[in-house]
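Across the two complexes that follow, subunit A remains constant while its partner is subunit B and subsequently subunit C.
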Partner chain A sequence: MSNSEQTKKPGMTMERRRSLTGWLFLLPGSVLIVWMSFYPMVRAFLVSLMRGKPTALEYSEPLWRNYQYMFKDKVFLTSLKNTFTYLIIQVPVMLVLALIFASLLNQKDLKLKGLFRTCIFLPCATALVSYSIVFRTLFAYDGFINAILVKANLLKEPVNWLNDPTGAKAVIILALIWRWTGYNMVFYLSSMQSIDYSIYEAARIDGASPFTQLTKITMPLLKPIILVTAIMSTNGTLQLYDESVALTNGGPANASITMSHYIYNTTFVTSPNFGYAAAMSFMILIMVAILSAIQMKVGDKR
Partner chain B sequence: MTSSATGEKIKRVLMYAFLVIMSFISVFPLYWCFVSAFNTSQEVLGGKLVPGGHLAENIQHLMEQQQVFTALKNSFVNTLLVVVLSLTCCSLAGYGFEIYHDKWKDRVLGILMLSMMVPFVALMVPMFQMFSAMGLLNKYIGFVLPSISTPFLIMLFRSNARAFPKEIIEAARVDGLNEIQIFFRMFVPTMRPTYAAAATITFMNSWNSFLWPRVIMKTNESITMPMLVNNLTTGYIIDYGVVMAGVTICTLPTVIIFFFLQKSFTEAIAGSVK
Partner chain C sequence: MKKLLAVLLALTLVLSMSAVAFAAEDGKITIWTWDPNFNIASMKIGADMYHVDHPDVEIEIQEVQSEDIETAVAQAAVAGDLSTLPDIMLCQDNSFQKMVINYPEVYTDITDKYDFEGFGEAKAAYSTVEGRHYGIPFDAGTVVAAYRTDYLAEAGYTVADLTDITWTEFAEKAKEIKEKTGKPVFCTQAGSGDWILIMIQSCGASMFTEEGAVNLKDNEAIKAAITVYADLVKQGIILETNSWDEMIGTLANGSVCGTFNGCWILGSIMATADQSGKWDITNLPSLEGIEGATHYSNNGGSSWAITQGTDVDLALDFMQLYRNVDFYNAILPTTSAIATFAPAKEAPNYTAVNEFMGSPVFATIVEYGMSVPSNITGAYYYDARNAMATAITNYINGADLDSELAQAEDTVNFAMGF
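Here is the complex of A and B:
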């Protein structure tokens, strides 16, 4: 093959030939990432400076007009507020729960460990759309949750969860915690396996409570992975789309809509406005970058 | 002495109770969804917790309302194409970045990794423009193209290639195998667990993806299962038995994979950050 021909070529050292082969290996993957990620990113920025119908986009006057409009757009501001509500409540609760599950399941003498792990991890097997619809049905006005709560005398009459701005957001947060806690637990469990178990035994002999063990041993040792999960969850929450569409459809009256959902609607529903949608999506990109940078800084200091 | 022992016992009972309750909460919605596929809309809302005899009826109604076979076929073709192409492409790249690594390749990798932080929604508008200009709307290749090369899988293969013994490569070279042959005959067979892990997580992600197909699949003939499931709830009168039958069909493939390949799945999730 071509290799044996190249060997005869003078001036082509073995090292150099191998280095070139290496480039060939990584070429398709690299080109695709540039084409499907970096190139659209540049285009997204250019489009975010434009206005007009999708077929007749022109640079706007002034260029940052779409960005200005954002701060006057009530729906965008609501979606921004909602997304941050989800982020601030859901991510910490979920990560703490995941840590608690992981440290419980990491105990050597725990029975049925595998069964508990499988159960808590199972929600990860469901499509986001599927579980959203299941939750939507469970929390429907005439649905199962209301029936149970009324029967148990915890509620006098059924609550219209999904038609109430706070209720809708609360159900989304609950659903998110249900879906993603096990996922994050897996990260923690796999890192905990590399912690020497004798540390915990020593701590127990010294009289450290499980809570102290968690905060003084486990959390400092897991700091890097906690940081990774925090960044991933932040990134994911800023992109929330499926739940907003399939669980509440953004409702009632956009009260629970996420940024991604609003961007999709601006792009494709009613009168498409590509320029404005691109500007809002560029804002998400900037926010992801800023929040990740902050988390890394904070993570470094601690 | 005895009181502290009872204290310990109570603590343990509480801990097991906590784990049992949490496991129950984790499993219940899925159990309820599967059971509801066997019941009528009325029974679903009423909270019937055991399967009834209405599965066939629900599936029949589902097929009258929606093109279930088309959606199933599309989802399978899309997903299998993504799995095959992305495993090939990313394992080649991961191997290349690790085995032949030098200063420049490491720099390229560092830049490519930045794309991990780019949220898909930020690319939605230009991607739609690009794909409609290329005539790739409503086509399998349109669904597949953005998912073939992912920094996530490249990292997974790269970190696993690090454990691949260099002596094997040297020995194979001495035996006269060229670099491509070494990859396919030596690397691929020994990396089977990594491929299994990568395939599992890629299958799950592609099967479940919703936003991207919604962006580029604009006809009834090109819809995927998650899109179909979402369509079920947009009507005025919602038959919840039918909805749950649809959700169950959409969820079964990933749940089956979850139970059979749980180890690969966890390895893929945890392995990506090593």
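Here is the complex of A and C:
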């Protein structure tokens, strides 16, 4: 009895010591996350319930006043609509393109693979603001795109792309696709490389066309990674800011303003309203959470 | 490797500590401002002049963009730690009241500490909140209409034909100029609302009432201004560009006949040396049928603020420069920053004929400046400006003006209702 107790005891302390060491290693990271990330989140939530001057915030009456106001705010509703327009058009187009590029570049007998991969990935290495400015210059009234289209007789006179509600949105979507397709392609490419080539060979012997191979072999096997990229892109698009500011400045008449851009305006451009801005950012959080939940439900059948 | 890291760490530590020691030193003035060719250049000249009598005061001028200064003020005020802010910082006139009203703990009330005699009244009003002064006026934003005289001659016009006219007369003449030269007469940035604000201020009207309530939908001056503007845009007399640099580009390329803006635009015009002798300025067309309409207005300009908790006396001693005619005289040739301090117009550089423009334009502008009616900005200026710009764009694209302005007023009231 006492013997077994004695053999048990050191085992317990050993285990406890081990888990203690584990916790000790986790501690610095956890403390930093709680302090730098969770604490500000909680504070931001509290601020989202407040109103008043930035340095004299008070809890509003009723508490959810800021959230209530959001649905009456025409500019916010416009920005919401714009952001979802970007999301619905841009994300699917981009992911499909990324998938196509990835499967093209995954061909075994393709020459200069490295060069093509670099070319498609390169846009990702450009800074958000600088590429936005390049696009703005390209699509300016006397810019490159207009010059080409007019010279090629596709247009009679130059189009003021960025001063047209639809044109401005289209340019932003185009810019986003250019910037992010390569990024998503890399994810697909890396997981495609883990698919055994013999599967494709077997399929080809059975007479499967390249398209069937893509839809019946590649896509099902890539499902988890497609899900990840879809969630990341959705999240990124809902928080879109740089393009709206640097490319179109939200114009014309708020036709291309995004939610994050509007939040920035409420905080720093117009008379500051920290409480309302915080409430709007929590709205984005809720939307990202809901959309991700839906995507997980649809995409992950495990 | 480890050693190198340790050395690097120690080095950063020492450096950051010495930086702290530096900031705490007495007799140092830190200044935040933007634009190396304008504000920074003039502050550098000012610092040199101050050093003649005060050789041991260190003056550090840092380039910080206007919006970054506003963000930094917000952060410092909310954190309750003003030590991150400089002693003196520049603030856009249109933002000044917004900043003081929202962050009163940052700005020093200098009403009884600085002499405001001689500064244009409309200018000083931008940095005044409830009768108290918080800013020292700097550059004028007096609006000028600047024309390419060679293009006008091509169409058979002179600048005199476009002086002291109304907008209707302008539209007729501009149409002919456009037909004959094949170029738009003016160029402006789309969706900025600049023109409308210039036009309504020329009548002494504002987007707000004296009591601070928003006044858009029943504002005759705004309606008249928007109608005139939209008509000129539709006729192609005004070209709307999407960005500021694109607009400056049209001036440099000579693809428009002129510009209509705050007098600081002359800096950009004079930067293109090959256009020397081809420009001249005049006053603006006036709005017809609006009470108090004049040919003078204001767009832009900024004023200096002094941070609370710093060595205010030292900062104010330095800022006496802005009551010194020699200073304004010295900065004019390199920066073309035009004073709002009335005695400066007698300075030799002001009365001299400007080579580029062919006339003493700067004295003319100071004179225009004295006739500019003042307007009301308040804390919600940018809210109203953004809402109005939306209304203008929608109106140009075919919406109904009255309902657009009513909606803009709702938007501002919404923001004010928080």
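Observations
Assume the second predicted complex is superposed on the first by the 274 of 302 C-alpha atoms of A that agree within 3 Å, B and C clash if a C-alpha of one lies under 4 Å from a C-alpha of the other, contacts with A are read in each partner's own complex, and residues count from 1 in each chain.
Operating definition for what follows: a residue touches a chain if its C-beta (ideal position, glycine included) is under 8 Å from a C-beta of that chain, and two chains touch if they have at least 3 such contacts.
As the structure is a computational prediction, the values presented were derived from the model and not from experiment.
Shared-chain residue A:L162: touches subunit C; no touch with subunit B. When the two complexes are overlaid on their common chain A, residue A:N265 makes contact with subunit C while staying clear of subunit B. By the touch criterion stated above, A:K53 is placed in contact with subunit C alone, subunit B being left untouched. Within the superposed three-chain model, A:A140 lies in touch with subunit B and with subunit C [touch as defined at top]. When both complexes are overlaid on chain A, the residue A:K74 reaches subunit C alone and has no touch with subunit B.
Of the two partner chains, subunit B is the only one that A:A44 touches; subunit C does not reach it.
Look at A:L95: by the touch rule set out above, it reaches neither subunit B nor subunit C.
In the superposition on chain A, subunit A positions 54, 136, 140, 142, 267-268, 274 are in contact with subunit B in one complex as well as with subunit C in the other.
Contacts from subunit B toward subunit A in the complex involve residues 15-16, 18-19, 22-27, 29-30, 32-33, 36, 44-47, 89-90, 92-93, 95-97, 99-102, 105, 108, 112, 115, 117-130, 145-146, 148-151, 154, 178-180, 183, 204, 207-208, 210-211, 214-215, 225-227, 229-230, 232-233, 240, 243-244, 247, 250-251, 254-255, 257-258, 262, 265-266, 269-270, 273.
On subunit C, the positions that touch subunit A within their shared complex are 67, 70-71, 74, 77-78, 80, 98, 101-103, 105, 190-191, 239-243, 246, 255, 379-380, 382-383, 386, 389-394, 397, 407, 410-411, 414-416, 418.
Interface residues of subunit A, counted against subunit C in their complex, comprise 51, 53-55, 69, 72-75, 136, 140-142, 160, 162-163, 165, 248-249, 251-254, 265, 267-276.
Interface residues of subunit A facing subunit B in the complex, by the touch rule stated above, are 1, 3, 18-19, 21-26, 28-30, 32-34, 36-38, 40-41, 43-44, 47, 54, 101, 104-105, 111, 115-116, 118-131, 133-138, 140, 142-144, 147-148, 178, 182-183, 186-187, 189-191, 225, 228, 235, 238-239, 241-242, 245-246, 259-260, 263-264, 267-268, 274, 277-278, 281-282, 284-285, 288-289, 292.
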